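Chain IDs A, B, C, D, E, F, G and H follow the sequence of writing; residue 1 opens each chain.
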Amino acid sequence: MKGLVFFDEDRCKGCGLCVPVCPKDVIRMADRINVRGYPPAEAVEPERCTGCGLCARMCPDTVIRVYRQTPARAGKG
Amino acid sequence: MKGLVFFDEDRCKGCGLCVPVCPKDVIRMADRINVRGYPPAEAVEPERCTGCGLCARMCPDTVIRVYRQTPARAGKG
Amino acid sequence: MTSRDTERPLGAEVVYERPRALADVVTHYCPGCTHGIAHRLVAEVLDELDVAGRAIGVASVGCSVLAYKYFNVDMQQAAHGRAPAVATGIKRVHPEAVVFTYQGDGDLAAIGTAEIIHAAMRGENLTVIFINNAIFGMTGGQMAPTTLVAQKTTTTPRGRDPARAGYPIRVCEMVSVLDGAGYVARAALSSPSNIARAKKAVRKAFESQLGGYGLGLVELLSSCNVNWGMSPGDALRWIETDMIPVYPLGVFKDRSEAGAEAARMEVAG
Amino acid sequence: MTSRDTERPLGAEVVYERPRALADVVTHYCPGCTHGIAHRLVAEVLDELDVAGRAIGVASVGCSVLAYKYFNVDMQQAAHGRAPAVATGIKRVHPEAVVFTYQGDGDLAAIGTAEIIHAAMRGENLTVIFINNAIFGMTGGQMAPTTLVAQKTTTTPRGRDPARAGYPIRVCEMVSVLDGAGYVARAALSSPSNIARAKKAVRKAFESQLGGYGLGLVELLSSCNVNWGMSPGDALRWIETDMIPVYPLGVFKDRSEAGAEAARMEVAG
Amino acid sequence: MRLAVIMAGFGGQGVMSMGQLLAYAGMFEGKEVTWLPSYGPEMRGGTANCTVIVSDEPVASPVETKPDACIIMNRPSLDRFEGAVVPGGLLVINTSLCDKPASRGDLRVVALPATDLAAELGDVRVANMVALGAFLAVEPVVQAASVVDALKKALPAHRQNLIPLNERALALGAETARAQLTA
Amino acid sequence: MRLAVIMAGFGGQGVMSMGQLLAYAGMFEGKEVTWLPSYGPEMRGGTANCTVIVSDEPVASPVETKPDACIIMNRPSLDRFEGAVVPGGLLVINTSLCDKPASRGDLRVVALPATDLAAELGDVRVANMVALGAFLAVEPVVQAASVVDALKKALPAHRQNLIPLNERALALGAETARAQLTA
Amino acid sequence: MSGKVLMKGNEALAEAAVRAGCRFFFGYPITPQNEIPEYMSGRLPEVGGQFIQAESELAAINMVYGAGGAGARAMTSSSSPGVSLKQEGISYMAAAEVPGVIVNMVRGGPGLGGIQPAQSDYFQATRGGGHGDYRTIVFGPATVQEMVDVVGKAFELADKYRTPVVILGDGMLGQMMEPVVLPEPIDPASLPPKAWATTGTGGRRPPVVINSLYLDAAECEAMNRRLQAKYREICAREQMAEIAFPDSEYFVAAYGTTARICRMAIQEARARGHRVGLLRPVTLWPFPAEAFETVIGRAKGFLTVEMSLGQMVEDVRLVVAGRAPVSFYGRTGGVVPSSDEILIEIEKMVEGGGSM
Amino acid sequence: MSGKVLMKGNEALAEAAVRAGCRFFFGYPITPQNEIPEYMSGRLPEVGGQFIQAESELAAINMVYGAGGAGARAMTSSSSPGVSLKQEGISYMAAAEVPGVIVNMVRGGPGLGGIQPAQSDYFQATRGGGHGDYRTIVFGPATVQEMVDVVGKAFELADKYRTPVVILGDGMLGQMMEPVVLPEPIDPASLPPKAWATTGTGGRRPPVVINSLYLDAAECEAMNRRLQAKYREICAREQMAEIAFPDSEYFVAAYGTTARICRMAIQEARARGHRVGLLRPVTLWPFPAEAFETVIGRAKGFLTVEMSLGQMVEDVRLVVAGRAPVSFYGRTGGVVPSSDEILIEIEKMVEGGGSM
């Protein structure tokens, strides 16, 4: 199962709550500062994402969207 | 055991709550009207009173005083 | 023996006399109103514990508003519902005083809900005498939070309908959830035996204060025959037939040393 | 994939997107504050039950005072503590509407104690989202009635001392005593699994309203990392290590048909 | 014409409704009227009173400290209101429950045992109508028939059977008063 | 002499305590002073600012909409306060966190990377003292020594060891400012 | 008879509210206004409305805020101590522009006081007893009929200006019976829709918000300026007063029950040859300054009579502004002044005893 | 340095209260006065006192009633919406003659409003915001030092007259720091005993009762007359005001924070040659009418400036009573007027733009 995780970076407040809940260690806090002055969360090696959605469930600021792409359906659109 | 029951008639509001609780049917409501305009409770055949105190415990208006006179001690003072 | 003779008969054993802590005045209560019994019990306990001299009472707003005239102790009259807050202020100033409130079910369970809950939450060492007569007496018989389902009052003319006006509130059950409540019990002023139990509960509620166990609250099921539209005697019967089933008697909490054990024994009350 | 790309990928199954009932604005909450999670859960449930169009929310006074900006539904902002009264007024006018309050522990369990108890007493068909973060957030970290024993706040600088400041108040336990309470549960926003359970409880609390079972109240154990003086992550851990032992999770009451059974199963939570 | 009357007695003697009936009757006759009760805890078990004003002009004040007449149903009410009546005014006294005569000499007084008379009619509760009848015989500010009309309006359907009794009470009061005045 | 200065930055940059130290120092030197913070939710995570007035006369108003100087610790503060300064007034800008130069030409400007300089000293938290040092070098409304005295009073016993670091920060800020002015 | 019925003031007021389209009443008992909630508890269910005996006056006013914000005509009533408890809520309603009617059957104060009639809550009612720069429209009716009339007006103005309206009666007005002609009932469904009210978006429009929070001072001031503009309009349009004997040399200013007693005293004074008139504010806010202006030119003096120790007299002094002497006579704590006492004061005024 | 310390207004006030012998504080948090309860929570236990964070403002004021009735020096503090909730309790204290000090750090209203400084609770404070004919002494300090000074005075007068005393500050005064000299601490044990207070009879004296119920109207009026006699005495003895440049032709009337800003504007106006002075009430009730009388004879005009849309100006108009024009300038909702704006208004006044 392949997951797709998107961060709406400008909404992120850099609280870091999403980082430890990811079972695949996909997320880390970036070095840069976003428009709100916080270091935003970002995905490293996003291909490891399974689309479990735990990060999105944890995020207080609806920064994260998560989708699941089953290989079979991937191309169908 | 002999009881002595006293009614402070002018305090009585004539509610009648003391009447049914007397196990010896000592109490009844008088025909006359007291200074407050109520028919006061009074003792009939007070010698039947055992001094159990139930009437005083029931009276909402501290109309009733109850004493017990044990024959032996009666004369001692 | 129906006279005004106020002398104590020589050599007789006293079964009952007016407690010293009760002022020698005739109350304004309606004939047969059990407020008078509740007053007497409080006064008896103050006498027995010998604390009237250090007692400070808080009268609330309701038929018992004039309670400040009826107790032979220092008194403050409190705004409707706020007696526990007033008592808190007094108790913090005089921690050695024995402070009690005397409140109706409109006062304590309607407008004063927050104050009683929080006095219990704080574990204030106060004694609360709570008169549950299922109605607002003083203002003329409106619904109280404690009014029974289907009971007619001047503001539930068709009987209390839970769908619009809700359900009777059980104060003891609610307050005993709070850790700061030291002693919580419900008794009824409906018969000599229930009155005897009520007195025991009142005494315990003061002892809870004296022992520093936190808020002591006694709910006394009481009558308001006038606003219930019954004779005084019928009103007492109605307490037993209609109120007690909704408001079971017993000790709901007792934090005192002997408490845990006693609770088990008395709940049958 | 860290972009601002807001398109939904073609053919992908949605695991999580912003609920429609949540306004597309950035909240004013501190980084890591769980108020945001609670908002989201409410919005998700409004979407799932498809009731956002007939929802009317009541914002209270506390950090969530601006909640009226964050939900895509009609809102009324209520005076501190009075949200259940305001919601009652609304619900009686629009019985078909889905009315909810969103209140903090200062708002609901301190100044608003009487209002929540009596909304429950009346069995108002309302949903109450109760955020217990053991502190007054908005005003700068003073003690709340829910503050834990020994917890330091700006008004308990030496830690909450029960002898002076009382004991934590357990709202669910207290409210569930009332007959008019339809659904009462406590959950925690401390981990993805607890958040999943919290969402179930929020949904149930709305269903209690829809089914006419009376007041539905969900207490959500929440963090206020800023006023607790912790990192957001440590704050979540503190919920689990320190708050849950005092505030056990579970369903305290469920008057719905399935309720009795479900309660038994979920209390383990 | 403007007449102010205070009616006073124990709670339960029907003092309030007596006043209301008078006011109703005045209204039916096209007059201006006000009815003002005493209220509050003093009513509980104690005394009750109300003030009725019947006038051709709009009533300025419903309060009257110097009434033209008083209907006194018990002893405490006599003590309280006798002094207030204007000189030459009217006192109707229910002697059944008032063991004291009027002390002022400058008033017209009708003293009748209204409660006893009502008992004779079969129901002490119409003592108020006996007294009202006596009052109207002396101060015909409204017709007794209008009081009966008012009663018809006021009583619920299942109580309309009480009308004749009340009519008799009004009449008995009036007779007694007239007899006294001519005596 | 009367000087009003606004200090502004992110919460956590020590803007409030910088202002308090200046006010304290003024008080120690026998001057009249006021310190007025912005307060409320805007502080939460956002910006913070305070106004300090040091004067020989009692301070009429603690509010100053046209300050003589501003110490600007970050970019949003520049946007907000640059326009307010009186013509000829002073702007101290912490260029480490402000990527924009001053836009007005009628002000005296000291621009220094206070945060970076503080980091060089070993603790970014003394950036405020670097900026204050720079400010005092140009507007010697109090002596730097008085600020140090104030710090000694303000810091608890176990923090007194921070004094030398703060002194160095003040000095470094002053040097940098003087260098700029002479340059 | 002409459709007249004899009704107790409190009940007439309640029935008039129902006829004005009020379907929601939230109250808490307190003497001397208990007949209002009692009447409503029986009557409202008959017309599809709802009565709630709230847990407190605080809850009651906030239920009005909720129901009014949701678009309904809603009312609460109480008496002095209970009305003090409503002040925060009234301030919220004023700020959030939520209509509603608040009845105060004033009794003797301060504190628990007594239950007899008084007018000592005038300041509280007319100066926005809660916090902030707001006002409420205040009616001070003098008869049961006028009380009935102002109830309709109160609901109308509350909706028109989106503002709380206070009816300031007193225990006597609530307890007395007088013949009244009741107005034709209004069907609330026939009232103009309120686009600003919370009803649920139905998914068809953006959310509406009822709110009084303005963290930005400039926005908070703007809200206040909006309110003040509304208040100016109300002052310009809604003043109501009665002048009896407008060509007099002296005037008694009084409202409500007191005005009735003053009228008796004035009749007597005129019978004695004094040229005294009555100036009776019906709206207490807006204070009927215009009516005063019509007589100030020729007036040689004003006597203000209140069942208080001097509250409305400040408004009289503010309008008169030194152009004539203004004297005051008051009884308080539940004592009702007699016309004789007032007559004495009138004669003092006429003999030049009036003080500024 | 002379014993000066730099303190935040709220904390200085709190410390001054402790030094005035206040040992009991009951409060509920609300911005912008949170430093008061916070300070007290740490400080009172150190001096054997008690701090309670009450469940609400209602509970807090009633705790003050309890503690004050029990003989202690007790205080509560809040800000606008919270103070509205205290009105019933303050009315009770006034009626039962229980001393106590109530602090209101006023913020922008009405409703939830904002948290920036305002003066829009003047009416509520000075006209007895609760029900009934009562007043409270009200101080409107302008500096942190003055706030410290009036705290001592407030406790003193509260005890002397057995009356609640209000300190009306504003957010700015609470939040700002200024150097202050704190007074010597008073040991509460050294204060005169209060025979009227509830302490327990000890079996040695008849019970005392703290009460405000008077069911008999005549008794209720008698209580009110007793209060009024006291209020007259307070008016005669306790007025406090500052006049700067008493020989001026024009005067700006302002109190508290606003007065400070007016002082700047006045300095500028005088620099421009205008003869303008400042009349600054320190007691808002009793309103310092005597100070006004000393200048009214020669004054050509008054400008009242407030952080409200016109409240104290009514008191100024009542005193001036048409003897000079009185104009008004106000900002509200948390907006603080600038000295420039005020200067413009001063010049308008001087150029004859003042309206009555």
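In this text, contacts are C-beta pairs under 8 Å (C-beta built on N, C-alpha and C of every residue); 3 or more make two chains touch, one makes a residue touch a chain.
In this text the structure is predicted, and so the values were computed from the model without any measurement.
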Shortest walk length in steps over touching chains, chain A through to chain G: 2
Pair exhibiting more inter-chain C-beta contacts, C-H or C-G: C-H
Inter-centroid spacing, chain H versus chain F (mean Cα positions, whole Å): 35
Cα-centroid distance, chain A relative to chain F, in whole angstrom: 40
Cα-centroid distance, chain D relative to chain E, in whole angstrom: 64
Touching two or more other chains - residues of chain F: 40-41, 45
For chain C, residues that touch 2 or more chains besides their own: 30-31, 65, 77, 79, 110-111, 113-114, 117-118, 121-122, 138, 145, 164-165
Partner chain B, residues of chain C touching it in the complex: 1-6, 8-18, 22, 26-27, 29-37, 40, 191-192, 195-196, 231-233, 236
Chain H to chain G touching residues, read off their complex: 58, 80-81, 83-85, 87-88, 91-92, 94-96, 106, 108-116, 118, 120-121, 123-124, 127-134, 211-224, 227-228, 308-311, 314, 317-318, 321-323, 331-336, 356
For the chain E and chain G complex, residues of the former touching the latter: 20, 23-24, 27-28, 30, 32-37, 39-41, 59-63, 65
Residue ranges of chain H touching chain C (in the complex, touch as defined): 24, 26, 50, 52, 54-56, 58-60, 62-72, 74, 88-89, 92, 96, 198-204, 207-213
Residue ranges of chain B touching chain C (in the complex, touch as defined): 3-11, 13-17, 20-21, 30, 36, 38, 40, 42-43, 46, 51-54, 56-62, 64-70, 73-77
